[in-house]
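What follows is a set of structures for review.
The following pair of complexes shares a single chain, chain A, combined with chain B in the former and chain C in the latter.
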Partner chain A sequence: MDWWFFFEVVVGGLLSGVMYSLVALGFVLIFKASGVFNFAQGAMVLFAALTFVRLLEMNIPMLAALGLTMIVMVILAIAIERIVLRPLVNQDLIILFMATIGLNYFIEGMAQLVWDSDVHVLNLGIDEYAGFEIGNAFINKFDVWAALIAGVLVLILSLFFRYTVIGRALRAVADDHQAALSVGIPLRTIWIYVWSTAGLVALVAGVVWGSKLGVQFAISTVALKAIPVLIIGGFTSVPGAILGGLIVGCGEKLAEVYVGPFVGGAIENWFPYMLAMVVLMIRPQGIFGEKIIERV
Partner chain B sequence: MSIKDKNTAAQSDILMNIKDISLSFGGLKALLNVNLHIKKGEILAIIGPNGAGKSSMLNVISGIYVPQKGTVEWKGKLRKKIAPHNIARMGIARTFQNIALFRGMTALENILTGRNILMKRNLFHEMFYIGKGRRQEEEHRKKVEEIIDYLEIQSIRKTPVARLPYGLQKRVELGRALALEPELLLLDEPMAGMNVEEKEDMCRFILDVNDQFGTTIVLIEHDMGVVMDISDRVAVLDYGIKIADGTPDKVRSEQKVIDAYLGVG
Partner chain C sequence: MFYRESGQFKTSYKADQAILPIFQDRVAMVFMLLVAFVVIPIFANDYWLGSILVPFLVLSLAALGLNVLTGYAGQISLGTAGFMAVGAFAAFNLQIRIPEVPFLLAFVWGGLWAALVGVIFGLPSLRIKGFYLAVATLAAQFFIEWLFTHFDWFTNHSTSGVITSPPMEMFGISFDNPLNKYLLVLAIVVLFAFAVRNLVRSEIGRAWMAVRDMDIAAEALGINLMKTKLLAFGVSSFICGVSGALWAYVFLGTVEPQAFDIIRSFEILFMIVIGGLGSVAGAFLGAGFIVLLPILLNNLGTLFTGGQVSTGTIAHIEYMVFGAFIIFFLIIEPNGLARLWQTGKEKLRLWPFPY
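Now for the complex of A and B:
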């Protein structure tokens, strides 16, 4: 067995796993704070990436475009709270979930209506084929950058949730609406914060994925890859989203390279789902998910 | 326990004055022409058989429900409809009949969250625990630790509340309400589901809070022994109507109250 090759596959897998984690993070944020599985997260990734790339094409400098897109995502969050969430306050979670399915199609459609449905090249100034070697293993530079960005994002989000007043308010709302109100936490404001944060994470994911695949409709479907990540890592855990992403990325690459040839290849596409199924059977709440304790 | 003489209560001693309120849900009349005042510093118990309108009354006091008829004065001023999250800012804190804690947090974090509205926001400082953020956190932590000592829950500070036994959960919930430093504390069946020992502890905490901080307390409770022991005044509701209001001794001997509890009439 060629250990350098093995190493290269593992590192490649881990790095691509980080990309999945980025998308999964957006889901975790909203799920943590409202218990809603936001089906529209993929569409938000697409919308953010499209907005960013089209602003760049208008010759707006990169930082300004990033700032503008952030503002657009915050406005989107406010609109979602106002138009979708507020009328559905106190409804069952399944109803909110259904609403996000509708929201998904709306945002997808709007993104392509406002901008367009062409494939746009997004160049961040990092050559996506460049790399460096560790021993005999080739490591892709772009993937390392993506991993760094994701790492910083996760660190900031973890600190934010754990130590800030707003972070605590977010967790409070997630746990109990009534109790949160009784200590003076306004639900609406908190929802705007959550959806804005999810929007900003979608922007980061969109920029990273967009520069890898080109900004196109297909990046809204990378959200599907986030589902096994979430099941494995746990829906409520930020570190879980990261670990889940790493396991999925690494697992699917290893499976493709070492098991693929025996079964005709293309394992990569279904392997994560199978892994998720196994986790569901052994540990339904995911690796880092909160165990549901019910008092009888 | 001293029983305060209600005849000496001047206008300024009244924290809340509820005048002639009626509340109904659809065709169901929950409260009918009820008058009730809450005096500063007293422990007022609202009692009555099931379905008498006690919880509705508590929700009117907290401002969650706005009665269709009648007025509510808070510190001498007419209170208008308020957003649920602004109740805490008025100085009214509460606990719930079915414990409503932040289940994903530790006891300490739960109580700290009770102080959220007293804290200022500076994301950067808070996240990295420096400067203003750090000073603020430490200051509030000190207050929270005081409450924790007070309620004798030092040993479970870092335990996620979902794992705590019922009695301790109720205590943490009281701690969270106290963290707001409220003027008026509403307790919805604070002893429900507790054993004798836990009830005794809870009674002691309620009396201490009232005594030391001067917090006005309104509580709903089914355990008559407890109610008669700790309350300065008792108001009795039956079918949405106030049938008695006075010192425990006075209320206990009223025929209407006895009838309501025995199901006569």
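Now for the complex of A and C:
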């Protein structure tokens, strides 16, 4: 067995796993604060990336484009809270889940209607194919950058959750909606914050994925890959999303390389889900998830 | 005024337990069946029969299957299309290898295999719940899709992976024109609809609903969770498998894994949520809504823009309207179209009096 090659696969897997984590983070934020499984996260990633890339193509400087896209995502968050979430307060979770699937369709359609459905090249000034070697293993430079971005994002989010007033309010809402309301935390504002944050995370994920794959419809399907990541890490944990991403990325690459050839290849498509299922059988709430306590 | 059960006294247990206890309901049912079996075949043209009614009925059947699992037993499934694919491929493989088997038997065979696969992927439901369970069914979906794409034994070593379904013939009648296909599908769907309706009011159905409402409480009442949940997975997958076989044989005419992708699963989930969870009528209403809405939007789009706007733009608008409609429906009636129908019936009972 070629250990350098093994090393390369593992590192490549870990780095691509971080990319999944980026998408999964958006899910976790919203789930943590409102208990809603936001299926539209993938569409938000697409929408953010498309907005950003089209603004860039209008020769707007990168920072300004980034700022404008952020504003758009915040407006989107406010609209979602006002139009979709508010009338659905107190409904079953499956209803809210279905509403986000509807939202997913809506945003996907809107993103492509307002902008277009072509493939756009997004160049951040990093060569996607460049890399460096450690021993005999080739490491993709772009993936390292993506991992760094994800790491910084997680750090910022953790600090935000821990030390700011809004962060505390978010955690309070996550723990108990009613108790939070009763001590005067405005639930609606909090939801707007959460969805805005998820929108910004979507923007980061969209930029990273977009510059890797090109900004196109396919990046909205990355969300489906984020589901097993979430499950493994636990729905409610930010570090869990990262760890889940690492496990899924690493696991699927290893499986593809070492098991794939024996069974016809392309097992990447289902392997993460099976992995998630196995993890669930052992720990039904994911690795970092809060323990599910049920009472009659 | 006309829809009222007053004066209808049940004098035997049999009458009390009838599947449609109210006289007007029975009349309405007979009327609907007459329309479906007699009037529609006389008046509908081939386009309506083959391209709208047949897919509507087949997808209703799939929605009915999912409704057993999600609506009655409370287990979310995103793998419906996967189970449909199992049904289609099992039916096809039986017929390819033993050509003498009549196709109806092949459908049952397909259903049985789907049930088996459904039970296997339902096993995690004993330990995990809610959205976590949805992932287990997603695993089923992607795994099954992959299996049928990558192992050409299932497609009988066809090079393209797309195969024409075998011709359907029985008692000398060939089911190759839209009318016969429609009647065939209709008969099967009506059969299943009554079977499910009967099942959900039996002990089994009540156990399902108890598990849905709270499985710990149900267990405390002495309901065997394992048996109940797995039975729900089995029955649901059986129905989905049959509908998958119908989808491939009757509607598409080809058996291909691409017809059973994740989008189809979501489509069927939409049907039952919009139609109404835990309702047989809801499966039909939801399927009608989801099948007809895109056709309607498409026609309206071409009508209003006069073909000036590109099809891409129309498709995007369709997406938006579709999404907006779903949200709109969930907001105005989270319990689905079936609930609206119920409310309508309640109103009709009093009409024209205020109370």
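What we mean here is this: the second predicted complex is superposed on the first by the 293 of 296 C-alpha atoms of A that agree within 3 Å, B and C clash if a C-alpha of one lies under 4 Å from a C-alpha of the other, contacts with A are read in each partner's own complex, and residues count from 1 in each chain.
The criterion applied here is as follows: a residue touches a chain if its C-beta (ideal position, glycine included) is under 8 Å from a C-beta of that chain, and two chains touch if they have at least 3 such contacts.
None of these values were measured; they are calculated from a predicted model.
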{"item": "Superposed partners chain B and chain C on chain A - clash or fit", "value": "fit"}
{"item": "Partner chain in contact with A:Asp143 - chain B first, chain C second, else both or neither", "value": "neither"}
{"item": "Contacts of A:Phe106 with chain B and chain C, given as first, second, both or neither", "value": "second"}
{"item": "Partner chain(s) touched by A:Leu93 [first = chain B, second = chain C, both, neither]", "value": "second"}
{"item": "First (chain B), second (chain C), both or neither touched by A:Glu81", "value": "neither"}
{"item": "Contacts of A:Arg168 with chain B and chain C, given as first, second, both or neither", "value": "first"}
{"item": "Chain B versus chain C as contact partner of A:Glu252, first or second or both or neither", "value": "neither"}
{"item": "Which of chain B and chain C A:Glu8 touches, first, second, both or neither", "value": "neither"}
{"item": "Partner, of chain C and chain B, that touches more residues belonging to chain A", "value": "C"}
{"item": "Touched partner set for A:Met274, first chain B, second chain C, both or neither", "value": "second"}
{"item": "Where the C-alpha centre of chain A sits as vertex, the angle toward chain B and chain C in the overlay (nearest 10 degrees)", "value": "90"}
{"item": "Superposition-derived minimum Cα distance between chain C and chain B (Å)", "value": "15"}
{"item": "Shared chain A surface residues [contacts with chain B and with chain C]", "value": "295"}
{"item": "Chain A - residues contacting chain B, complex", "value": "156, 159-160, 163-166, 168-169, 171-172, 174-176, 178-187, 236, 290, 293, 295"}
{"item": "Footprint of chain A on chain B - complex, ascending", "value": "83-89, 93-94, 96, 100-105, 109, 112-114, 116-117, 119-121, 123, 126-129, 137, 162-163, 166, 176-177, 179-180"}
{"item": "Residues of chain A defined as touching chain C within the complex", "value": "37, 83-84, 87-88, 91-95, 97-99, 101-110, 112-113, 117, 224, 227-228, 231, 235, 263-267, 269-270, 273-274, 276-277, 280-281, 284-286, 292, 294-296"}
{"item": "Complex interface listing, chain C residues touching chain A", "value": "76, 124, 127-132, 135-136, 138-139, 142-143, 145-146, 149-151, 214, 216-217, 220, 262, 266, 269-270, 273, 277, 312-313, 316-327, 330-331, 334"}
